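Submitted below is the structure of interest, expressed as structure tokens.
Should a chain be cited, it is by its letter among A, B, C and D, assigned in written order, with residues numbered from 1 in that chain.
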């Protein structure tokens, strides 16, 4: 039960695990698009790397017939997001388009939301972000550079959504299906990542989510994610929480 | 208004009580004389009249104030800028209850502290005649006169009761 | 149990006011040393605020660490005060008298210290104005009432205000006493603070009735505070080790366990430092230890329930977490120390009256308990976060950095510093309660037997 | 001592203290209360007897009729839990004087201890339930219980053992405190009572060593009783409650159950005291003081109940994982919502508003009303918990969480008869006990008078209460 009214749009994503080849293109695209600081070696070692989308890799089966399984994980933009109500300053909340938005100005950095997130897709800026001199001019002007001491996470490339909406309004027309592509989905070579509007019954994602392979991650938390996964076809078992733990 | 007052000091409770009785018999009206101790003695130990108080009204009053304030704070602030978080209702009663509870208790405590200080007739920057030895265990019987004529018989009562010392003040 | 000797009130004054009237020699040097420690701590804190939380050992997913642990620890200690002074006042336990004020002091100062930690552990401490006191109408946005992090400051603020006022009200008669014993500027200070207290029946009645009333009001607050702190953790379903309904009473009773132990530690110190052997007597330690045995055993029961129902679900992640907490290095080592120090060593020792009445032993055992209780919070918070989630790229462990340890030590120096500073100006043992116990306790002859008896006013 | 006490008797009026009565008078008068039975007493006893027989018959019939369908047994389970709460919780007060050295409680202990006999009824209700309890393993899946890998009969065997132990220690607690009174029955009564007194007094003459062993026994049985009570509460609440509902994982629930069981126990004692005072004319011994103290206890327990309830509720409501939601939907929002609201009102809200007034807590009838309200509330609370819990069909019992919330189960004629019968049997047992032994412990009333005496402090009135170690 949620009291957010999704006027026109309810943005979401359908991830077809069957198509994912684990090439990490989405990770790089996201990094470049959203001004995510570089994950230098020491940051990764200290467990402070930031990657809004990550490819989890699991091994399935025993040698010799071992299969590599990939599953891209980004913010699931849950309807009942456990990260939202715990924030004392409304720095993260659910907007009317079904996005779980992070307001950098409000954030004081209690990191409570990060504890609340079962998918662990929220990241804290322990240091001021720094870029090598050569990359200074590559920063995306549409995206805030997050200062230290605040949380950040996948925003479904909200700036792209805004720009597309503005364009559509200026040409006074409705947004077309597939007009908006997030950085990761546009970078995906196998189009495993599909972004779209779940409120539009005949949008691509709406049709895809009707697929009988569909499932959501960690459903025991009843978070009602807006990211739907389609299971791999060569096995009826879902790549998800269940055997991920066993392969850990 | 009290023109002058007198303090009789006793070392033991018994004589002090005698003095109180004596004053009663001598016909001084209750309330014009009182006993000062450094220790809380059981109520009525000196046959003094038991003071009436309305202490318990203060916390009740405070609680009501605090509760209304809390209801206002928790509901109005949420409605003023409705933000949906995690699909919880804008007015999440069970979260608000906790805040209401705390604020109710807080103002109840503050009110009752005011009550305690007020009901002990404090602060009183002109306490009147007093002796430091009272906090060393001596017991003082203090009496205020409207007319000086009766000072003598009060003094008599004190002496008969065995006052160690008698102080005067105007 | 309590051998009563009658103490002359003048003597009581002289002895119990020795902190104020003639300062002991050790006082100044100790305060200076502590002051230096405090300054160092404050320096480190400002460095951390300046550089950012990168200087801590925190990482992802261990977003909370030593600071929050210490915060919970100090909130726990703060439960000593009301436990001793309110519950024991309502149950009319005579032996509470010498310790009530020190306990309430511990409450106030440890709460002040506890409050610091969530603030400095925030990512942008200069912005917490929006979190704690956010009513900045220009922004038009108000704090999120639904967040446990709003309930925390409200509850702790209530508790802090309440116990400070409680402390002051109970201080009035002793302030009057000091007023009568001092000269010069201190005299005028105490005169103002004592509000012209004279000690007539009305004032004494207010003192007693008000004490009971305030105790009755503080008690529910006392329970609610640590419950709300525990809900910070319990309401988070994502962390298996935290999402347990028993947390509220479990934390409260654990807090009482550590708080009362802290009071024991402090009583021993007071007896040694100010030479109050006549007032803080072995039977007081004995009574507190009996109380502690009950509390500790109850706490053990809750621990058992918490564990049983964690495993009860029989879900893989939960069991994995518990296994890590108890059987994986380094947590297993911490867990063993925690269990030994929090229960297995002290409680069996307290079963012997010889131990209960031995001040030195009580001192050390009570310190053990608090080591254990700190570890308990650490073992709940950190392994709970450092657990193995289904997502293999998010596992990490946690080792507190030097900065965190310094600030941790600072908190202890800070509390002691405040305590000593207070002891310079106000008596740590409530004189009037001490004297009152002289009036209200007596021995009655039943047949030939001399039986200790207490005097109850007819209500 | 005694004469002096009598001399001060007239002062005792404006004290909250029982009139001081000479020990021999106490013995004779209290023993006299056991003799004979008024017409009203007989009538009540007979009606209760008939009801209890009807209840037992109904239980047997229900067993023959519905033994295959566990979803129909919720009300019996609720009755079991209720009786366990009252009959198990009340005797806890019987050990208070030893533990807390509280003087006011001494005259009350006998009534409290008598309740432990009512545990017989608890065991009667347990028998069919144990037989009907679904197995730990259904369709190869092991349901969530505290018996992780234990064999299938574990819950049954342990709950039986626990309840029997509870009964035994309860009776032990009763008897060890009753020996001196059997002695005074022997000395002051005639007929079979005297013979029984002779038998059970076991040569009690009140030597110093006898008293020491007596106190030791009370302390021992009291401690055991407490531990076993907590243990039994834990077993019954998990095996007959939580583990019947997939996804109901409430670590606080055993504690919640124990707390409200103490609450119900104290409430029952208040009512029993009220009855004894009213119909046995014991005003001289059961003084308002006892009600005053019991009232404070009851008030504290009422607040504690709401605290325990809220601590579990807020975690479910806020956490809102799939299991949390299903639990709330079953137990609170679900089939028994109205019962739940009634329980909240009767256990917490109404008593809170009644007992907060000193006037009420100082009055006998006011206390009785508050206690009665609480008892009804606890019964309803048990129903709203255990009926939905049992109404979960056994084929869903091993799921991760409850996907389909079952509908409300209404009591059939059997259930109504069984509940009425069970409760009246418990009451009947206690009524009959009052014929066997004084409803107030003679020696403890004497001790009470001995230890607390009104004194004159300078000019004021006060009470000296001796606290022997």
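Quick note on the criterion: a residue touches a chain if its C-beta (ideal position, glycine included) is under 8 Å from a C-beta of that chain, and two chains touch if they have at least 3 such contacts.
All figures in this text were calculated on a predicted structure; none of them were measured in a lab.
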item: Dominant chain pairing [most C-beta pairs in contact]; value: B-C
item: Innermost chain, where centres are averages of C-alpha coordinates; value: C
item: Intercentroid distance (Cα basis), chain C paired with chain A, Å; value: 44
item: Intercentroid distance (Cα basis), chain C paired with chain B, Å; value: 30
item: Gap in Å, rounded to a whole number, between the CA centres of chain D and chain C; value: 36
item: CA centroid of chain A to CA centroid of chain B, Å; value: 65
item: Residue numbers of chain C (touch at least two other chains); value: 141, 143-144, 146-148, 150, 220, 235-237, 455, 457
item: Multi-chain contact residues (two or more partners), chain D; value: 314, 318, 320-321, 323, 457, 460-462
item: Shared interface positions of chain A, touching two or more other chains; value: 80, 82, 85, 87, 90, 220-221
item: Chain D-facing residues of chain B, complex; value: 13-14, 17, 20-21, 41-47, 94-95, 98
item: Complex contacts: residues of chain C adjacent to chain A; value: 52-54, 56, 58-64, 118, 121-125, 127-128, 130-131, 134, 141, 143-144, 146-150, 232, 235-239, 315-317, 320, 385, 388-396
item: Residue ranges of chain D touching chain B (in the complex, touch as defined); value: 313-314, 317-318, 457-462
item: Partner chain A, residues of chain D touching it in the complex; value: 318, 320-323, 325, 400-401
item: Residues on chain B engaged by chain C in the complex (per definition of touch); value: 34-43, 46, 48, 50-51, 53, 55-56, 59, 74, 77-78, 80-81, 83, 85-86, 88, 92, 95-96, 98-99, 101-103, 105-106, 108-110, 112-113, 115-117, 119-128, 130, 132-137, 142
